[in-house]
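In this document, chain identifiers A, B and C correspond to the written order of the chains, with residue numbering beginning at 1 in each.
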Amino acid sequence: MTLLRPRARRLPLNAAACVTVAVCLFPVYWMISTAFKPSKDIQSADPQLFPHTWTLDHFRKAVQADGFELFWRNSVLVTLAAVLLSLVVALGAAFAVARMRWRGRRQFMLMVFIAQMAPWESLIIPIYIISRDTAMLDRLPTLTLVYFMITLPFTIVVLRGFIATIPPELEEAAQVDGCTRTGAFGRVALPLLMPGLLATSLFGFITAWNEFAYANFLIIKEQDNRTLPVWLSSFQNTFGTDWGATMAASTLFALPALVIFLLLQRHVTSGFAAGAVKG
Amino acid sequence: MPAIRERSAPRTPQHRTASGPPGDSPRRRSPRPARGYWPYVLIAPAIGGMLYLLAYPLLRAVLISLQDFRLRQLIAGDAQFVGLRNYRTLLSDPRFWEVVARTFAFMAVNVVLIMTISTLVALMTERLAKAGRTVVLCALVLAWAMPVVAATTVFQWLFHSEFGVVNWLLTSLGFDSFDRYPWFADGGAAFAILVVLIVWQSVPFAAITLYSALTTVPSELYESARMDGASGPRIFRSVTFPMLRPIFVLVFSLEVIWTFKAFVQIWVMTRGGPGDATTILPVYAVQTALSSQRYDLGSAASMLTVVLMSGVLVLYFRQMFRQEDDPR
Amino acid sequence: MKYRLLAGSSTLVMAATLSACGGSADEGGDGHTTVDVWLMRDSVSAAFQKEFVKGFEAKHPEIEVKVQIQEWDGIGEKITAALASNDAPDVIEVGNTQVAQFAASGGLLDLTDSKTELKGEHWLRGLAEPGAYEGKQYGIPYYAANRVVIYRTDLFEKAGVDAAAIKTRDQWVEATTKLNKGKTQGIYLPGQMWYALGGFIWDEGGDFAAKSGGKWKGALDTPEALRGMEFYARLQALGKGPKDADEDDPPQAQVMAKGQVAQVISTPGGANAVIENNPGLKDKLGFFPIPGKSADTPGAVFTGGSDLVIPAAAGDSEEALTLIKELTGDTWQKKLAVAMSYVPNRTTLASAVADDPGASAMAVGAANGHATPNTPGWAAVEAENPIKDYMTAALVGGDAAKEAAKASAAITRAMNANS
């Protein structure tokens, strides 16, 4: 009886957990499994929950489609550059906000919060005009800058929270030992901040990796500068009915994000806790 | 030089809480006085970025919304000012108000579902054994990592009228009316699918954040509440929620912003259709600007969107201001 | 001052180094000019494209042609972005229903002066008119096509149906019903093929929109248009076409290639796509014009096609014009018409495809050709396409009249949004 009780109580809890896991994973699973099924099994009146026969045809088709490698590389470049840039810039700003007192600090934070509401879909025309007038159309750095700006406000907010969780006393101790203020921050606080930086960069990564509208509208003539989301959408147009190939392409597109998130899972969950509470 | 100053400033938690609100004379009253230009140097890149990449385009957008700005003006660039005409056109258009109402409904449904489900998931995760917790967290993280475009494509495939697994499932469960049911042809159904998609995409972030916040609540608080004989819901109401209030407000506000601005999912999936059934403000703005080439009306619509959204977020700003007052 | 001097000299050094690297850097390499051409997905076959580029470059060795294929989905925005940029592609293919808005935008090069040289007096009207604005010619007619019925000769034979005898709608429905047995679909008609619906509406004397008092108004809710939709629904039911998709999703050529579809409505070029997907059907495809209400008039069809334009911002407009002259000239027009089963851009060239069964079926229908409303506002209707939503709603059992009124209101709004 005493042994059974906690179990009985845990049953609904575990059932709920199972449902959660299933609901979260099913679309991901369905994407991957469809990508591996032969076309005739995909377009059948009763779908198989588990593929009977496996095939790599769809992946071959997706990879061999025009310029796949190039767009993959473009996306990686743009995304990494945007994330790094916004981390560096946000780190400075977050440090100033969390550790220093200065006139205009509140106004600055208010500005950052308001920046989060920016109607990016409608800024596309002004940004198009500005890029045109500064000869920045058709170029990947333009996209990098836009993505940097889209992710910056959120990055500042979260990083500020993270920095606030690190006791300033640690740095001060280092300063007593003769470090400069930057040195103290770099040697003591930065390592502690690593999980926070990782967690925050994930958000930037997923945003930049995903972005479609700007990539579609600002890259006009130089089709070699297209990024993966644009490629995925044109792929869908070209291969329309071929859900296997479309799912294979989606899988290849999602894979980097899935892998990185999974690898950093612990940091995401533990890091956000600390950072977000204070944020 | 800074090091000397650092040392000369005594710093104990008590002292910090005792210091007054910053702003009027931070140099004297704050434990960490501003050291000249340093903070400004640190925020300069962020400010610069925000001014050039955000404020300036935003200003141009406001300008466009006050002009007669169409395809010809986009190409030739000789737009004329028309004052508030575009805003008048929008505000007197019943279709615009339908879109506004739909946007609020869409946001409300999504945010309520997201907050409820993610709170439940967070509470559940905290109670799980270690292994189970890891599995659930991994699943959440994976769903969260799924890129929007890929997820949207997958959902289109799940709800495909002919070979979609959802129709197959419903038909095998005996709901024969779902045989080849065209989900995206019916306004209500398309709306529902978008809600499911957005909730599915948003719950992981909210649940993980809330869960991590839960882990910071000292367990003694629960113990003592339980000893007082409080029930589960009661504990949540009187212990958990008050402790996590700031984080609830933060997540809530972010979700409001994100669902208010949900665009890619709708654009890729339904383009706002069928009819206007899934047209919310951002979709309306883009449709007006890019498809009908009324860049002026589109700009005006998004300015109004920002205003409406800020209205919802007054709470958020209040909270934020209170926090900034609270010196660390 | 010193700084500037330094900068100046380093520029000199750099220039010297660059020129020392051999070859001149101007004109994109070795005296070539590159002409960027945007063509639409599936408007020409890969083989024709290759042949043309090769032939053109051989004739004009100083010009290099770079073709980019664009998707129909979202093309309006893409062309807008290109026209407004400083460095637009040099030649763009634009659908004849969309070219009017761009002609009116001021972003295209005025090609009126070349009209005589391009034999503009023989141009197909359905292509030349939308390409003109206020008396000036911006769009040069490229090719036209209209829809016919592509059918499986073997399946017709097996069912004992004679395609040549199908002259009226009633005969058509009767034959299709007969074919629609067992695994065979009588006709594969997706629910949102709005050009086909247009034909049926025009047959009844209706239209998508009508102009009254200087204002365009959606007309799907007129009795004529409703009768057109009724017939569409009747035909659509004689096969398994999805009610919520158009002919591109899935591409109907691929569906027909699977072998169980007796008829599709398509441009004759669609037959090539079917054969590409299933070479076994090579000698089993035939064509007949879409039947009309009575035997003496063929069914009304939508005259589709494309124009070629040169953006005002194009870098190499002279070379672009050279390319347009070649592509719309006798030689390549004839080759294109044969390769793709298109109607050439000039009436005088019609004989080029006289022997082609698909083209001759198309020619019968072309006699009753119609166009979408010729106004810059129409493109907005296509971009949103309330017609497709209406068709699906009516087909899944909605109240057709109510849905039609809704769609008409949407058309009215879209067409007048820009005036």
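Simple rule for what comes next: a contact is a pair of C-beta atoms (placed from the backbone, for glycine too) under 8 Å apart; a residue touches a chain by one contact, two chains touch by 3 or more.
None of these values were measured; they are calculated from a predicted model.
Asks: Quick check for the class: compute each chain's Cα centroid; which one is farthest from the centroid of chain B?
Replies: Most distant chain from chain B: C.
Asks: B-C versus A-C: which has more C-beta pairs touching?
Replies: B-C
Asks: Approximately how many whole Å separate the CA-defined centres of chain A and chain B?
Replies: Those two chain centres are 15 Å apart.
Asks: Whole-Å distance, chain B centre to chain C centre, using C-alpha means?
Replies: Chain B and chain C have C-alpha centres separated by 41 Å.
Asks: Could you pull out the residues of chain C that touch at least 2 other chains?
Replies: In chain C, 77, 84 touch at least two other chains.
Asks: Specify, in ascending order, the residues of chain A that touch 2 or more different other chains.
Replies: 233
Asks: Considering chain B alone, which of its residues make contact with at least two other chains?
Replies: 74, 162
Asks: Can you check the complex and tell me which residues of chain B touch chain C?
Replies: Chain B reaches chain C through residues 70-72, 74-76, 95, 161-162, 180, 182-186, 271-276, 287-288, 290-294, 297.
Asks: Which chain C residues qualify as touching chain A in the complex?
Replies: Where chain C meets chain A, its residues are 36, 41, 68, 71-74, 77-78, 81-82, 84-89, 248-251, 254-255.
Asks: State the interface residues of chain B toward chain A in the complex, per the touch definition above.
Replies: Within the complex, chain B touches chain A at residues 2-3, 6-7, 11, 22-23, 26, 30, 32-35, 38-43, 45-47, 49-50, 53-54, 56-58, 60-61, 64, 74, 120-121, 124-125, 127-129, 132, 135-151, 153-155, 157-158, 160, 162-163, 165, 168, 172, 200, 204, 208-209, 211-213, 215-216, 246-247, 250-251, 254, 257, 261, 263-264, 267-268, 282, 285-286, 289, 295, 298-299, 301-303, 305-306, 309-310, 313, 316-317, 320-321, 324, 327-328.
Asks: Using the touch definition from the top, list the residues of chain A that touch chain B in their complex.
Replies: Listed in rising order, the residues are 10, 13-14, 16-17, 20-21, 23-25, 27-28, 30-31, 34, 42-47, 88-90, 92-93, 95-103, 105-106, 108-123, 125-127, 129-130, 145-146, 148-149, 152-153, 156, 164, 168-169, 172, 175-176, 180-181, 202, 206, 209-210, 212-213, 229, 232-233, 236, 243, 246-247, 250-251, 253-254, 257-258, 260-262, 265, 268-274, 276-277, 279.
Asks: Across the complex, what residues on chain A touch chain C?
Replies: These residues of chain A touch chain C: 128, 132, 135, 137-138, 216-218, 220-221, 223, 233-234, 237-238, 240-241.
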